[in-house]
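By letter and in written order, the chains are A, B and C; residue numbering begins at 1 in each of them.
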């Protein structure tokens, strides 16, 4: 099957430092792919490059066979390339419904505002926010804001959805609900790329993993295989620990747990 | 499911309830009162059109623009020059509107990438630059001496009526634009930009194009108004056409009525002109200071404007507190 | 033509005054994020105070620096603490409109009390001639005082406790608050220093130019342009911006007339706003 999204040797430099360096990967339709890596690895920068927030210093981005390297964010969302933010970005003084309707109207191509509100209501029900439709976005709790962000992206009717740490700052019950929600989104045929720190989430959802370290793609493939890749263990825990692991032969899955702290910080 | 959707959709408070009677009352002024009142009614219409226009960029979009006088002045000069070149008056007004819109599109492309204070300063600087240009470019603008226009025939009463109805029509059209914008896709996009520009970009709003469109809409009727008032006064000069005072008065009117509300700016313009006439004509020496006091009062006691969100709520809240205190 | 020493000298004298005019304005803008539309009128106010003290009380205008500056400091502190602090976190439009409203009140009152007729102090201090170049001594003194005061402010900002607190608030307000810096007082202090600098400028202006309310808008315009050229909230920025504008106006004024010189200043400002909104020196700040 031809890839939906193809990233080809994409780099981005900030004052001589490569935040993302010659990264190439593809997303096939219907996949759920996890993008992992230590803080500062360049994960969010990569998402920004794919969605037009930043322009790559080198390389190309292809979406549905078209070169979209030079696109602006609004063009990306109209094409069906939606994303959520690590730090949620609502329209604070609009209602929850209006927030989602904006996504449906502009990104999702709804024909009119009433139609956009119908679509919005549908997705609010999907994420379980329908009872709060008339509340102002500002008044929502963090988990609800994350759901709002999700509903807004979904209302854009994306083909590819890039989720940037949707679980950061949530407690474990909320995370369980979020996993279920992501699974349902995938079941609707949306291809998903997930930036995630929590291995639990990654392993329960992803078909495939990409590992970024110092801006470079150091491994990709089956989640279990990637997680036991020595280069990945080294990236997360340092070479000394990795050598120990090799000797003891313990599963790197558990070894990766210390870095599971749900970080809400915007380091990368 | 359909019912749940329609139940959450609130009716929009657009303000037609008071706007229509107000407009009718205004339209009747020149028929029943003398020329002085017709003149004041013309000012109300003019400032209402200007404040409605400013509201598109300053209220809907949230960009603190102080370019109003640049557009008014440009419209005035374009209209005057074309009329002096032999173009019929009405046609000159339309042409001046087009010139102003074009200018706003080009200018918007350049300055709308600035934000906050920088945009505010840039937009004031445009007014100053235009004024200086108008006083230096003597061959076209008559320089500091200004330009005379042909005096409208038929006596002052007749002329007063003609110019009143011209301004009245501009106000009505500007109000219709406002009403349309409030329901339109563009208007919704502008409100998104006002709330969070990056998020607007992310949901698919073409932010740059929308902002330029808003800037052009905010300039359009300023151009018409400028051209009409040039014909009305039949003389223009750089400091009158590109007046810094006007460029700040108009946003104050919009704030007074409620920035971002659909028709609030009309109310703001009406109240402002009435206050200006009653107070300031009596204390001529202190007219500017009074305007200053109004501004300070507005900011501390009426931050949302007369129609803005919060006023009624706050008033009723205060009443409730009073009632509780007395009980 | 470029090397005509008279034009150069005029430009430098003008530039030093511009730097002094802009530095207080820039400080307030940079730290409080408030555009003080009253800045021009504050300068004129102290200019009038200096003039009338000279006319009626025969006070040496240079001495008035020690009287007028503290007066304006107190005025600025009270204004910020009592009024502007209440709306300081509201959007640009609100704070700008408020200071503009206050400016209208002050401007109007000055017009009524002092009348707009230009007033001029005549000191007859003679002039310094070097070859073809003639430098009036009053302007020369004013220039050195303007530079001196600007550098003094720089030094105070770097070394004093209040200065460091202001810099800290400018860099990160929330972090500064967590460190126990009283934000409201720092804001009031900043605005007061801005007013003090305006006061000092007013004195120097009264010595070198006729004082009239008509030029308060012009002075404000200069402050804008200098800030944008040099960058916000930094003393070196105001110095560079002020001197640059003084030289530009002096040269273009001689070649194409004063109006073109002012126009060029605005055009330069607009172009810089679009291309380099942090000014020529970037975000140097007071550190």
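Here is the rule we go by: a contact is a pair of C-beta atoms (placed from the backbone, for glycine too) under 8 Å apart; a residue touches a chain by one contact, two chains touch by 3 or more.
On a predicted model such as this, the values are computed, not experimentally measured, just so you know.
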Chain contact topology (line, ring, star, complete or other): line
Maximum centroid distance from subunit A, chain identifier (CA atoms): C
By mean Cα position, the chain sitting nearest the middle: B
Distance from subunit C to subunit B - Cα centre to Cα centre, in angstrom: 32
Rounded Å distance between subunit A and subunit B, as computed from the means of their C-alpha atoms: 44
Chain centre separation in whole Å, for subunit C relative to subunit A (CA means): 50
Subunit C residues counted as touching two or more neighbouring chains: none
Complex contact set, residues of subunit B against subunit A: 1-2, 4-5, 8-10, 183, 185, 188-189, 191-192, 195-196, 198-207
Residues of subunit C that touch subunit B when the two form their complex: 29, 33, 35, 83, 86-87, 90-94, 96-98, 100-109, 111-112, 217, 221, 224, 228, 257, 259-260, 262-263, 266-267, 269-270, 273-274, 277
In the complex, subunit A residues that touch subunit B: 51, 72-74, 77-78, 83, 85, 89-94, 97, 101-103, 105-108, 112-114, 117-118, 121, 125, 130, 133-134, 152, 156
Complex interface listing, subunit B residues touching subunit C: 58, 62, 64, 110-111, 113-114, 116-118, 120-122, 124-126, 128-129, 132-133, 135-136, 244, 248, 251-252, 255, 259, 285-289, 291-296, 299-300, 303
